[in-house]
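One chain, chain A, links the two complexes that follow: it is found with chain B in the first and with chain C in the second.
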Partner chain A sequence: MNNRQRALHPGAWWLWAIGLAAAASRTTNPLALTLIAAVCCLVVASRRSDAPWALAFRMYLGVAVFVVLLRLGYHALLAGNGLTILFELPELCWPGSDLCVLGPVSAEAVLSGIYSGMQLGVMIVCVGAANALANPKRLLSATPGAVYELGSVIVIACAVFPQLAESVQRVSKARQLRSGRTHSRHLLREVFLPVFADALDRSLNLAAAMDGRGYGRRNTSCIPRGDTRTSSEIPEHHPTKFFDTLRGTPEHHPTKFFDTLRGTPEHHPTKFFDTLRGTPERVRDDDAESSAKVSSVLIVVAVLALCVGSYSILDSSAMPGGLGLGLLVGGLLVAGLGFWLAGLRNPHTRYRPDPWRGPESLTAICGIAVAVVFVALDRYGPDGLLHPPVGGLSWPQFSIYLLAGVLVAALPAFCTPAPPSSQEEER
Partner chain B sequence: MSRVSPVPIGPKTAVLLALVSVAGLAMFAWPLFASASPDSGHTSDAPWIFVLILPVLVLLVMAQLTEGGMDAKALAMLGVLSAINAVLRPLGAGTNGVETVYFLLIIAGRVFGPGFGFVLGCTSLFASALLTAGVGPWLSFQMVACGWVGLGAGLLPDRVGKRLIRGWAELAILVIYGIFAAYLFGLLMNLWFWPFIATDTMGDQSIFSYVPGAPIWENLRRFFAFSLVTSTAVWDTGRAITTTVILVVLGPSILAILRRASRRAAFDPVIEFAQS
Partner chain C sequence: MIDFDDVSIAYQGADGPTLSHVNLHIDEGDFALVCGRTGSGKSTLLGAVNGHVPHFTGGRLSGRVRVASFDTREHPPRDLAAVVGVVRQNPLAGFVTDTVEEEVAFGMEQLGVAPAVMRTRVEETLDLLSIAELRSRALRSLSGGQQQRVAIASVLAAGARVLVLDEPTSALDPTSAEEVLAAMLRLVHDLGVTLLLAEHRLERVVEYADRMVVVDGGQVSSGTPAEMLATSPLAPPVVELGKLAGWSPLPQSIRDARRRAGDLRQRLAGLDPLAFPREAAPAQREVAANPALGLQARDIEVAYGRVRAVRRADLDLPAGEVTALLGRNGSGKSSLLWALTGVGAREGGTWCVGKVQLDREPSQARKLVRMVPQTASDLLYLNTVAAECAAADSENGREPGCCRAILDLLAPGIPADRHPRDLSEGQQLALVLAVQLAAKAPALLLDEPTRGLDYPAKAALGKALRELAAQGLAICVATHDVEFAATAADRAVVMAVGEIIAAGPVSAVLATSAVFAPQVAKTLSPAPWLSVGQVASALGSGK
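For the complex of A and B:
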């Protein structure tokens, strides 16, 4: 086992959590659901860092409790219809119709509300656990090449987010310093609009800087197809040359920031973008264009397969059972292939990719194993184990397989490297 | 000046977008027309399978939408607008249906076109979920629904005959669309939520429950009763009023600011130099 503290690959945590959520979706047994939630809490408590996203786990727990209460309230108050009446509430009916609320509250309704509410609540806890454990920034940096643009948009959004707060403070300070009317009635117009305009202006500066550094450029449409000239051979008035002229801009121009990177050592990762300037860009040659065509065809085929597969799940009479599921799986495979092909057109390297080692595989396998156990129990296990009846008001069943199956998911709490503390994470 | 879109939609992309929209709509509205034969084991899994498949469809559409080559200006604009939406969203949440996201989505879709509107709807919700910890099974459904709000705003008519629609007429169109979108968004999200919260599991006779396999009109009636009682009257009306008020107060200025930014960014097709 690796003794060094390091954060696990975020994908591993997500696979683990999806496995647990899939297991929760197979059962309404409150004992099994409680166990799954407890395992989530245990792993989160032992393997989360002290980053802000990790602290939001409490919020997910709150949402889960809220969902259980909502479902309980719905069943008890609006849909109560069972044999064992707990207490009676005055019934309210819409005049002249059968639209009635409240009335008798039955124990069966309460139980059924709790069972099904817990199912949804525990799935939310699983997602919350993934959120708390996986670093969203590292997840973004693992964005596949096909949606590279999408990843950059989200990265920009997350980076601009704190700047907006600063912008709001600056604008309101200016507003207070200004003489004349400062009525709260104009607050929206006097604060929001300047901040908004300021943000858009900044976005154009950011775009110029990004363009100059090669971010967000997929195919260099400025350079004609088949053009293999290097930067120095491109004529003086070629549009790409524009960014070279930025070098001569005044000292405080925003794009200047990136020039400071020039002073970095030769093997600094940001240097990669410098090399883009000098390379002959052959991205847009015929090979790439035909692969683009193939990838779009694959994407359309995948979408069609997924649509038809989903339809067959809803209407099982339309297609024999296995075919629909096969279409879904096949659609996902084709989608993956199209995605991979579309990503090939994207000549961007990854900055310090997260490694995928033994603990990552173990974590992912633990999560998926729980899902497999539950699916198997659902199919071959005793009746009423995963879906206890609410009718008889009996204690739900439990089995050793269920216990073992869920406890497997707790392994990552002990068998993975501990997360680094926040000081070390700043990298 | 004709409208130039930073996220162009070619014929192939349009077909794909339409396909995914139909599939997405089916994933929202499946309770209404699903057949429920007790022997088909998959009907009860349907919502969970959709929760897994819709994100894949969204990713595929995004890969295709960005295929046309978005430049850095479009990326930066999308990023900044998403960040603003992510700031605005928690401002309204929790205060009884005051929703502050739609107006910017609608105006941006109007100015930058349907493709941009769709992408902005998706990225706004995703960024907001990442920043304020709102990732959950509901996320991809919210993303698609918000994408549609932006897409629809981009598809609103730009001119009558030869005259551009600007000024009060434009604002009126946007406000009407905003009210329509606010209610429709609420209904869609309710429809997604409905089978989770109110499935008829034990043969109860409640008027609000989803009954698997019941005729479409029966379930539709039940759904509207559920929706009216739980949210349409308060949340959706609050959302419609907020969107209208903000559109009327800030709409003209924001339209002007965005159009100015669009002119400055010059999203026109890049000039290609032929080799001589």
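For the complex of A and C:
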């Protein structure tokens, strides 16, 4: 696959970027952070397409630099205790208290500003890299079947903004033809009334068009005779497309685990799932209803578990740490199961879903590996490696593990297929 | 394939039913052309086919509509998506995704078509409509004709065997319209698709139709085009010419007409077309046409980024004449008109009205040049017609009632308390025209005013423009409608890739053109007869 140009699954890029961002959140070592940022830049430079969202990476870099400068400014001007004084500024104190700003600027404060600013900045760069590398629309269209309609709605809502901007432009140009008033009093009425009327017309048109094209349909009885190639012939396992994609088996052969869940390898649903999914031909109403209830209950339970779990992770005094983590993981699993069940009732299919193949797994593993290395170093590594002290004004430590750990994340720049260029036929 | 069984449809709050007791039967594989005046219930008839009316629009339907034996009472539009495909006038407004391939697949995704089947069907459909090379293009970047073909492809791919098209070509230039029509004809002939098509410009399609459905005041009658055209008040020029010359059966295509026109050509030989007025009741000219008093533009340049939309265009609009500006979509017509108002982008060039040199400042140009933009309703923002008129009077410093008086001349009888957005397209255009005319500027520009207008509304617009020109206005109309240009305009200017490639009297520019010749000119060439009215008065004078 490496010699053919194709866009990587957007989920792979996001996992990779989240891994890097998680690693960055574990360290304030400027060498490690610079290395992470450099790896991001390298991968973006070699694997981004020429689509508009890919060009926004520069903007993220700008924001990151701005964040570093801002943090530097705050630390230098506001938190001024340190031993090595670089220079003195006139101190401004709140009368009658010891609240002071400016005053002596210490090297330690400057350093800690740079370190913490860099940490935040690099995390922003990681998010920017994911945005530049992954097509946001393809990411939305990879949403699980259960929230398919929500995904489409978001895609459409995003498409509305350029249209709205276009209408504002058109109407304000037209307004100049008539009155040419550039100010105020009537502006709202003269521009926004036609724009809103336009937007309303457009949404009604769009709604009518979507309705006429089958959006939101649950009933599949109206397939014309003679056209046998539709729903009834869809392989039974089609609703698990999301899991298939995640598992990366292009032929959609369920793996052992899901086989066990769903029944025999011949895709005969077991009794339990039979009830949930209804008969293979068509979901009967009462079955569909009970399935909907089960999946809703699962999702509610999952959300509760996730809330309690993340609370106990953030506040370790609330619950024993293991229990919090367990709740979090369990919540995620139950949520996944709920979505999967809800997706089973979804009659939609996907056109050319992004495949999940070797390069996707490699990319995701690279990102996660970096995070794992940093977590491990944080726990077992030498003191001061990930959080160099600012006190002694010494050169931050570095280790071969750190270097190797971060460089792993650069692999996707070489081991993934190049993105298709826009001139060429895609994929 | 489509059955209307004693169907009546009434909307809430309306005075009477929009359609009453309609019985209509369209066979599988028919190409049925639906025509009727604006507001006659045409759109309601089309909407009822896939259940859009009344499931989506509201209203009350009695009787029974069946399509491919599915009753629309029991099946809302989304259930019929695999049976009926609807394509509307502005395809962009109905696009859900943003690239061609995804759009074609969207309908199938909703129907749950298996991925492998989906893949082959997308490819087949792209080839069928000759849009395979556009597959990864953004929909917004396509031309109107391409967008329309994508819209047809997307409903066809979902399995629709009945296509309902509501004025699919009304916004297209003649060549793009031909592309779309050719694609539709191929579907009818090769795939046996049933086609229900509404169109105002009958001259384009009537020759291909198997049946013609005429909607008039809620009553529907249908028959073969030849039968229907003999009695229909709406008929293309070639049919009008046939009626005038007494041909039977009536010709429907240029080919039919030309083969029968030998006799007529002989009767007209020796008569000078220019000596006869092109419309039935010519306006009385108050002032002679005067190029010096009109608008003169020199070396107009318009560029958007690296695209040069208008290249060194020289345009003369003599006072007292109507000039038609023709050219394919994207040839720079709108850019040129906008530049002349002082509002649009302009890189270079000078222009003047009469003796007054205009500059960049839009407020100065606004006193002398007024324009009706393509989306005329953009200029309307008040709640009632009366309020719009009053606002126009005060904006232009006219005495109250001035704008309303102009409106009554253009389109009498529009209620003063009606909301401008509730007016028909023709009435809305008249209102915007009145608002702009209240400024009493000596030059008037109109960008595509004829889209969506039926024959009578177009005739009324043509008459109004000619009367205004007779009072001494310099008028320019950008249009795709060559029949309108042939009857309403004195001069014609043709643009291509930003340049003006032909300019002169209508008879010289249009009669000899392969693309822009009106039907009468094609039938009676080489003599430059342009309109049925002209031939009628020539024949009248001969007797």
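In the analysis below, the second predicted complex is superposed on the first by the 337 of 427 C-alpha atoms of A that agree within 3 Å, B and C clash if a C-alpha of one lies under 4 Å from a C-alpha of the other, contacts with A are read in each partner's own complex, and residues count from 1 in each chain.
Just so we're on the same page, a contact is a pair of C-beta atoms (placed from the backbone, for glycine too) under 8 Å apart; a residue touches a chain by one contact, two chains touch by 3 or more.
Remember, predicted model here, so these are calculated numbers, not experimental data.
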item: First (chain B), second (chain C), both or neither touched by A:296; value: first
item: Contacts of A:197 with chain B and chain C, given as first, second, both or neither; value: both
item: Partner chain in contact with A:338 - chain B first, chain C second, else both or neither; value: first
item: Which of chain B and chain C A:359 touches, first, second, both or neither; value: neither
item: Which superposed partner A:215 touches (first chain B, second chain C, both, neither); value: both
item: Partner chain(s) touched by A:177 [first = chain B, second = chain C, both, neither]; value: second
item: When both partners are placed on the shared chain, which of chain B and chain C touches more of chain A; value: B
item: Contacts of A:351 with chain B and chain C, given as first, second, both or neither; value: second
item: Chain C-contacting residues of chain A that also contact chain B; value: 152, 155-156, 159, 189, 193, 197, 201-202, 206-208, 210-211, 215-217, 219, 221-222, 224, 227, 238
item: Interface residues, chain B side, partner chain A - complex; value: 12, 15-16, 19-20, 22-23, 26-27, 30, 33-35, 37, 40, 42-43, 45-46, 48-50, 53, 56-57, 59-64, 66-67, 69-73, 75-80, 82-84, 86-87, 119, 123-124, 126-127, 130-131, 133, 135-137, 196-209, 225, 229, 246, 249-250, 253-254, 257-258, 261, 264-265, 270-275
item: Chain C residues touching chain A - in the complex, by the definition given at the top; value: 50, 52, 55-56, 68, 70, 75-86, 88, 90, 93-98, 101-102, 105-115, 117-119, 122, 135-136, 154-155, 158-159, 161, 338, 341, 343-344, 362-363, 366, 370-371, 373, 375, 377-382, 392, 395, 421, 435-436
item: Chain B partner contacts - residues on chain A that touch it in the complex; value: 22, 25, 53, 56, 59-60, 63, 70-71, 74, 78-82, 98-101, 108-109, 112, 116, 120, 123-124, 127-128, 130-131, 136, 140, 146-150, 152-161, 164-165, 188-189, 192-193, 196-197, 199-204, 206-208, 210-211, 215-219, 221-222, 224, 226-227, 238-239, 292, 295-296, 299-300, 302-304, 306-307, 310-311, 313-317, 321, 324-325, 328, 332, 335, 338-339, 342, 390-391
item: Contact set on chain A toward chain C in their complex; value: 137, 152, 155-156, 159, 170-171, 173-180, 189-190, 193-194, 197-198, 201-202, 205-217, 219-224, 227, 229-231, 233-235, 238, 347-353, 422, 425-426
